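Each of the two complexes below includes chain A, the first together with chain B, the second together with chain C.
For the complex of A and B:
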């Protein structure tokens, strides 16, 4: 694990809705080092994808904007960069894999063309022909069978798993220092999911890239990630190494998430589900956003926002934000 | 691709067949041409002899087959109003004027509406977008004949920039072309805008952005190529309605095209000419839509390969 490649500090992203500015990412900080995989876990609407879009600065326009905080890519702050500058970071420094392979490739261009485009951005002026051989190499690297022929295929002629491999090839075309994978396996069959995760791991071993893996699947986190942050209502509620957090979850939400993962060892009649709904977007919020669903909630939880404290596992990089740490009964 | 074109061509032939049936039946519904050709005091013998001469005593299917046979070689009989000319000849003579005016109107529509639609999608909610919305609203509210008269009044009569009406070079064509194009600009702008908004929201546009594609290429290469399906679809309607719309605008501006011809022929009960105008319009419509189908396949590989 090298020095941190990507460091996010006190990031706050808001959506300017008619009802006011609503924070969707609120005071989020984490860092990820070379060769390291950080999992960002949370339900839909927890702000995990918005965090990714903030880093790439492709927030929904015109309503989304970064209000404050820093995003440091090896000491360079991406926040406040001009459009031209940030365009040079995208693809070259940070690659991204989106959730649904069926919609993330452009239907009117061949997959070869779409990979070539990524290569052209990183190697301006290189003739197309010489890039074509590199496209085939890239597709081979992501295990696309019959790559030399597949470069001429259109997305609708490929399976979901194959398309997601192409998206992966696009992401690594610029040899980025960081790859952000936003639920890349959610839309794939379970068997293909495992192959894809294996592929990501191989790419990481080979290139030493840092990976930011966004998911709601704790099984994948246990499998793939070194560290994780758990997000709820736009905030990080718990963070730490995967082994510390899984061994001693300190936030009730993390605990509830772990409880709702089915286990093959234990036979239960009914799978545990967290009561209630994730918080709706709203401008004014008081207290801990998990309080309405939290079995341990007290008066203070509804009144004041809990501060981040070291968790219970004893590790100094394991944090959680909860009023009840150590007081749970 | 060849199979695709072949299928479309065969569809076109079926449509053409249906159109000939309709044209043939309609011309019989409007009454016997004998009444128009002979004076009111014609004798029964004169009526019978003309009926026999024109073949109107034969069964309808025989008449239809004869009509079809002649139509296939472009023979719609002789014009009754413009004596000494074939009906098709009269139409062909007027066709270039209509095609010139319609072509200019198509050009203006596309050249204005596509950028307007794309830019108002990109700058959604801006002043520009609202102005484009107003232009579109006005275009869809003004009837072409009224707009033609107003344009004539302002730019020809008051300002004297253009001739009021008649046939001639570009200066004669501009006002009628604008009168024809405005409604189409309105429709095409709104269609392009909403298609672009939809496409700009897709994941593949997001992926193009995150892979570092410049904003200009994102819009014109990735997004517009996909959104283009909608304006291309409308192009078929556009080309067709500019021809049929020419009937109104050509009358207002006294532009001697097929539209004006159609009006004159209808007034003069010159059925061969009316029939050939309708057939020409129909064939033109079909060709425009065939072109649209081919363009579809060029734009979208999913259509090409299915």
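For the complex of A and C:
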């Protein structure tokens, strides 16, 4: 694992709603190195997808904007770039894979044409015909069977797993330094999900690309990612290496999340349930956003936002933000 | 002899014809569900698992009599649901209920919670207003909502609460069998465990039986007493949950269950990665339908002869694979 490829520092993204400016990503910092996979875990509304959209700068318009913070791709800050500059980063430096392959491909073009489009961003002026062999190579790389014939297929002629492979081929076409994968396997069957995760691992081994993997599935994180950040209510509540966080979860939300997932290893009679619901977006929030659901919550939790504490489980890079860290046993 | 099982499915088959060729004159047959048999005892839960296109949904629709089978039959408490008289059918419609995946689609946005929950009783029983209110209150409390929330509309609730409303309307007529089609997969992770615990509590309190369709294998292990695995419309293995997870016998079950990623980081998980996609049910492979993807093909017999479902050590546990059949 090499130096940081992507570094996000104190990112704050807001949506300007009629009720005021609502922070959806609040003081979020993390970094991911070459050949490294970072999992971003959270429920709907936790800000995990908004973090991805902020990095790509494709926030919902006109209401979404990055209010402060830095997004450093190697040494270049993407925040504040002009539209032309950021357009050169998308697809070329950062590739993206979205959840639903049925909507991320254009139904009226063959998949070959759609991969060529991605290749042309990097090779402007190259005739399409000469790029065709590269397309077939890319499709072979993502394990599309019978690639030479499949380049002429339309998306509707392919299965969901096959389409998501094509999306993967488009994402790696520009040999990006970072791939952002936003729930890429949620729409796939479990056996196909397994194939796809293995494919991502192979691509990473071969190209050394950094992967930002956004998911709500802790099983995938345990098996694919090196590091993870856990998001709740727009903030990072805990981060660290996967093995540190899974062995010694320090934030009550992380702990509860790990306990509430039904195990496939053994049968249990009752699941741990986190009472209540995830917080709604709102402009004025006080204290820790998990406090209303937290079994350890005290007065201070409802009043003041907890600060990040480092050095948990003896590792410098294991952080959590909670008032009760010392107190709970 | 004791009571008949709550649900008995015998040789259930559903074929669909799809037009094919120039002007749609030709016809292809899709064997969506092919010769499926199983039984479910009172108070038990059976999980149906398999990949998309394996026929789970078609099967479930036949259990609810939303689709007529091509052949075979479905019996609820010993009565064939497709030859029921009008009054028997009325009883069936209250006795068998369903909860679907998407609580945004399954509740009418124009009806108040009270009317949604009370509907089954209003249609089928002639209850006084007071009695109706009492039953609705009871159902809402049972699913963890407050009686005064009966006056709200569905859009005023979160996803988890909407699923609770759907459950309240399913249990109000005190059904003996509830079909759960992906009941938690549209919900947030922290809400899923609340709802799954609720299903278990309801089962303990009223003794209902469940048929649950779920693609999440952790959910399956938690909810089910027995698991039935389907592949291309066929039942390939059925058995008690713990046996299925700890000692799966059919190569497809082995691969499917190994695809569930456990929450541990200590020892790496050994998963069986299957080759390729599920074949098209229009043109299923010869012999064993799983042989093109199978990691344990034993020879030509897999390509030529379709294996029959046979009993393993106990009649409870059955599978269809040539593996071990030569012994």
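FYI, the second predicted complex is superposed on the first by the 323 of 329 C-alpha atoms of A that agree within 3 Å, B and C clash if a C-alpha of one lies under 4 Å from a C-alpha of the other, contacts with A are read in each partner's own complex, and residues count from 1 in each chain.
Going forward, a residue touches a chain if its C-beta (ideal position, glycine included) is under 8 Å from a C-beta of that chain, and two chains touch if they have at least 3 such contacts.
On a predicted model such as this, the values are computed, not experimentally measured, just so you know.
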With both structures lined up on chain A, is it a clash or a fit for chain B and chain C?
fit
Quick check for you: in the superposed arrangement, does A:88 touch first (chain B), second (chain C), both or neither?
first
May I ask you to decide whether A:96 touches chain B, chain C, both, or neither, giving the answer as first, second, both or neither?
first
When the two structures are laid over each other on chain A, which of chain B and chain C touches more residues of chain A?
C
Please work out whether A:129 is in contact with chain B alone, chain C alone, both, or neither, and reply first, second, both or neither.
neither
Just checking: does A:258 make contact with chain B only, chain C only, both, or neither of them? Give me first, second, both or neither.
second
First (chain B), second (chain C), both or neither: which does A:154 touch?
first
Just the number, please: smallest Cα separation between chain B and chain C in the overlaid arrangement, in Å.
6
If we count contacts the way the header does, which residues on chain A are in touch with chain B in the complex?
56, 58, 62, 83, 87-92, 94-96, 98-100, 103-110, 117-118, 121-122, 154, 156-157, 167, 170-171, 173-174
Given the complex, residues on chain B that touch chain A span 124-125, 202-204, 206-215, 222, 225-226, 299-302, 305
Please give the residue numbers of chain C that touch chain A in the complex, ascending.
51-52, 158, 160-161, 188-194, 196-197, 200, 215-219, 221-222, 241-242, 245, 255-257, 259-265, 268-269, 271, 273-274, 276-278
Spell out the residues on chain A that touch chain C in their complex, using ranges where they run on.
43-44, 145, 159-162, 189-195, 198, 216-220, 222-223, 242-243, 246-247, 256-258, 260-275, 277-278, 293
